[in-house]
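Following this line, the structures themselves.
You will see two complexes here that share chain A, one where it goes with chain B and one where it goes with chain C.
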Partner chain A sequence: MTSQLFAYKRETGQWGLRNHVLILPLHSALASSARAIADASNGAVAISHDWSGEVDNDLPRILFTLTGYAANPNNYAVVFLSIGTPNEKQIIAGAQSLGLTRFTTLSLPEIGSMEKLQEKAISVANEYMKGAVAEKRIAAPWSAIVLGLECGGSDALSGITANPALGVASDRLVELGATSVLGETTEILGAEHLLAARAIDPEVGKKIVAMVARYEASINYEGIDIRGAQPSRGNIEGGLSTLEEKSLGAAKKAGNAPFTGVLEFGEKPVVPGLYFMDTPGHDIEQLAGFGAGHINVVVFTSGRGTPTGSAIMPTIKVSTNTPMFESIPDLIDLDAGTIADGVETLAQVGDRIFDEILEVANGKETKAELGGHHEFALSRMYNTVV
Partner chain B sequence: MRKVLILHPSDNIAVCLIDLVAGDVIEQDGFRISVLNNIPRGHKIASRDIAKSEGIIKYGERMGHAVTSIKLGEHVHVHNILGDRLSTEAS
Partner chain C sequence: MSASIKAFAHGNRGVGIRNHQLILPSVICSTHVSRRIATEVGGVTFAHQHGCAIIGDDVAGIDNFFIALADHPNVNSVLVIALGCETIQGQELAAKLLESNESTQYRIIQESGGVEGTVAAGVKAAKELNAAFPPATLETTSLRIGIDVGREVSVLTELQKALQDAGHEVIISESQSSSADSFSRLAQEKAHIIISFPDENQPTSGFPLMPVINVASNGVLHQAIRADFDIDESAILNEILTLIDSVASGTQTIAEKNNSGEIRAPRVVRSV
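Here is the complex of A and B:
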């Protein structure tokens, strides 16, 4: 197969691996309409969320997430659905400053009817879709790939099969000049000293340790015994006994490359390399943070299986064990369980994941894309106060 | 085919690659373990005797500690080990 990457060049210099037209509701009351508009259009996608414009401690985090998500380079264009609050205008202006050039804002109060809003949105979306479909991919450098590393529903084979195999693929990509981002602060707790030891300089190492300490302090502040949730009941059934065990296995997704830097939730990496992003362990919230951070392709390893996908980022699912792969073949793209069975080596599966990332980057649809799995969830730190 | 996997030379546990049944004997890679409990695939089996409070080592790294003494061949899981971090256990 070819080892050349082809992608869509954006004016910011970033690259899109998809050319999505995203219907983005700026208020939860428009979420169902956004889905209906996407379903009725010729290929647009939508997300829904539960933010109703509330102004509280989480406002900056929510605005940052939606702004970054709108400007993700996998979006060819965005149709914003608005009810006209100042915070909504801030999201649109922010996305523009991050490089979003093609967008239309449709305001419910201005249009005056939900039916007319939907009709108008479908026609705008279809117009954008024509342009999106007509645009040709061009040869792109490896730096065009910004890979997100995720795991969910870990089992005891995660740290032996799928995660280290993904680490092999991630290392190859980073070596070639791409970017790779490890998330899930919950799931490096107990392994952070190993990641910090791989930082490109002591400053970055300190930041990795500090991010985990900040998380640990917030958990202690709330008086939670996190061991009730981490490892989760499913993890425990799968054979994981402690949070550290889960973390040692989860960190293997990031291979052995040096860490270039750390990213706050939803922050985008600027220079290529391997990064750690402070995200929750919640798979869908993490995906939202990855989208906001301009990650354009995700590999998601799972021991227990998951339908998770994203409206804008192709998400490649890798099973840690063969029985799970065989039980839900319509959800999982690749099986790494062959490593435990001695059928394939870690390097062989790592190469298969690498090849799959390239093919998917070049347009091959993932199982989650084919199934239309478009999950999205906002991450909050505080109680909602209205 | 191997029945268990020892991931690092300093580990005191092995990962079961198949469902093990009490009474099974594992003979591979120059070691021999008599299995003391039924242990599901993916779970851990003690590859050495482990004293109470001793660290549990997997991938060559500490992943918690024993809350009771654990015999070679015993199932190692939440009933006999705990993580070290974020612990609310009484000391």
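Here is the complex of A and C:
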């Protein structure tokens, strides 16, 4: 196979690994319409969410998430469905200032009804799709890849097979000049000192430790010990005993490269390197944070198996054990269980993951993309009812 | 008295005005598979972001919310679609539902051969439920009507009285900002129909299990999207009883026609 990357260059200098036309509802009442529009279009994608314009403590986080997501370089164009509130306008203006150039805002009150809004949006989306399909990929540098590292439904083999193998691939990419981002703060609790020790300087190390401490304190503030909620029941059934054991395994996704910096939820990395992003363990909320942070491809390791994906980021699923890979073949792209079976070495599986990342970056569709899995969830730091 | 309404006997769920089969995803990860099954069998489902990475009181709270939706009188049968490793375990949820209604089944993605396997198994299970629990019709005159109050409604007292005089039970829920949480509360209270008076700055919205009659204010937004509303507030006292009878007997509201219906589970903590 070729080792050359081909991608779509954006005016910001960022690279898209996909050329999506995203239908983005700015109000939950338009989410069903967004999905109907995408389904009726020639290949546009949509997300749905449950924010109805509430102005509460989570507002800044929600605006930041939707703004960053709209401007993700994997989006060729965005069709915003809007009620026309000032906060919605702020999202659109913010996405523009982050470099989104092709977008159309369809205002429900100006158009007059949801039915007409859908008709109009389908024709706008199809126009954009023509341009998206016609654009050719061009040779791109390794720095074009901004990889997200995620795990979900972990089991006892996660820290032995899939996660360290992903670490091998992540290290190779970082060495070549790409960016790799480890997320899921809940899943590095108890292992943060090991990550901090790999920081490029003591300041970054302190930030990693502080970010994890902040997260745990915010949960304790709710009167709940996170160590009682993690590992989850599925994790325990999969053979994990404690949160620390889960974390030590989860952290291995980030290999051995030095940490260049930390990122707030949904913040985009500016220079290449390995980062830690403060995201929740909820797989889909965390994927939304990655999307907002302009990650353009994700590798997701799993011990139990999950169908989920993203509307805009190709998500490569890696199984930690072979029986799971064989039992749910349409969910998983690669099997790392071969390491435990003694069939392959860690390095060999790491190289396979690396090759798959490159192929997917160049356009090969993942299982989640083929299945049309476009889950999305907004991350909130506060309750929705009192 | 209200005219006689053609309704459905739904076992212990009660008498409903819709004959919905609910394809209930126990976790966000199974929402897409649930939608594929619902589309194929004509059931109702909804996207949500719950079921996993929830903590504290929300574990029981979300579980009870799902149980309340599944036990709603407008529901005939329920197929729970689980992933398998989530906090809200699908088979336990189904077991709780089965305690009161035998028209319940569940399928687990991680144990049914993945997406395609689960879609096939789910479609088969949904069809079996439909065959085993055909619609049983009866006549009723009394409904539970939920009123979602998102703005100052001058006719509220009169409306409530008119509905009660016609033999209906009325539940009032005040919404803050959007109607989402109010709809969830009214669903848990087992309202058959919702009359929604959304905030003047909010558009219309729907709910998967209950027809929502959206009532327009004179505000700029509402009049700009008047076509999405079923009725003006100024006409409601004169027309509501006829409209209720018509919707209860099967006429779709505009929100139902638009398939508009996202849900939001009330969360007292936050996800992690």
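Structure notes:
FYI, the second predicted complex is superposed on the first by the 384 of 386 C-alpha atoms of A that agree within 3 Å, B and C clash if a C-alpha of one lies under 4 Å from a C-alpha of the other, contacts with A are read in each partner's own complex, and residues count from 1 in each chain.
Following the convention adopted for this analysis, a contact is a pair of C-beta atoms (placed from the backbone, for glycine too) under 8 Å apart; a residue touches a chain by one contact, two chains touch by 3 or more.
As the structure is a prediction and not an experimental result, all values here were calculated from the model.
Partners chain B and chain C, brought together by superposition on chain A, fit side by side with no clash. For chain A, the partner that touches more of its residues is C, with chain B and chain C as the two candidates. Judged by the touch definition given at the top, the superposed model places A:A162 against neither chain B nor chain C. When the shared chain is aligned, chain B and chain C each come close enough to touch A:I219. By the touch criterion defined above, A:A140 reaches neither chain B nor chain C. Of the two partner chains placed by the overlay, neither chain B nor chain C lies in contact with A:I91. Judged by the touch definition given at the top, the superposed model places A:L81 against neither chain B nor chain C. Once the two complexes are overlaid on the shared chain, A:G238 sits against chain B and chain C alike.
Residue contacts after overlaying the shared chain place A:S327 against chain C, while chain B stays out of touching range. Using the contact criterion defined above for the overlaid structures, shared-chain residue A:P280 touches chain C, although it does not reach chain B.
By the document's definition of touching, of the two partners only chain B reaches A:A191; chain C does not.
Superposed on chain A, the gap between chain B and chain C at their nearest CA atoms measures out to 14 angstrom in whole units.
Under the contact criterion defined above, the residues of chain A that touch both chain B in one complex and chain C in the other are 219, 226, 238.
Residue ranges of chain A in contact with chain B, taken from their complex: 155-157, 159-160, 189-191, 194, 216, 219-220, 225-227, 236, 238-239, 241-245, 248-249, 303, 321, 340-342.
Taken together, the chain A residues at the contact with chain C in this complex read 27-33, 35-36, 48-50, 52-55, 83-85, 108-110, 112-116, 153, 186, 219, 222-224, 226, 229-230, 232-235, 237-238, 280-285, 304-308, 324, 327-331, 371-386. Those residues of chain C lying in contact with chain A across their complex are 28-33, 47-49, 52-53, 55-56, 83-87, 89, 109-111, 113-117, 177-181, 201-206, 220-221, 224-228, 258-264, 266-272. Looking at the complex, you find that chain B touches chain A at residues 1-2, 5, 7, 15-17, 40-44, 56, 58-59, 61-64, 76-78, 81-88.
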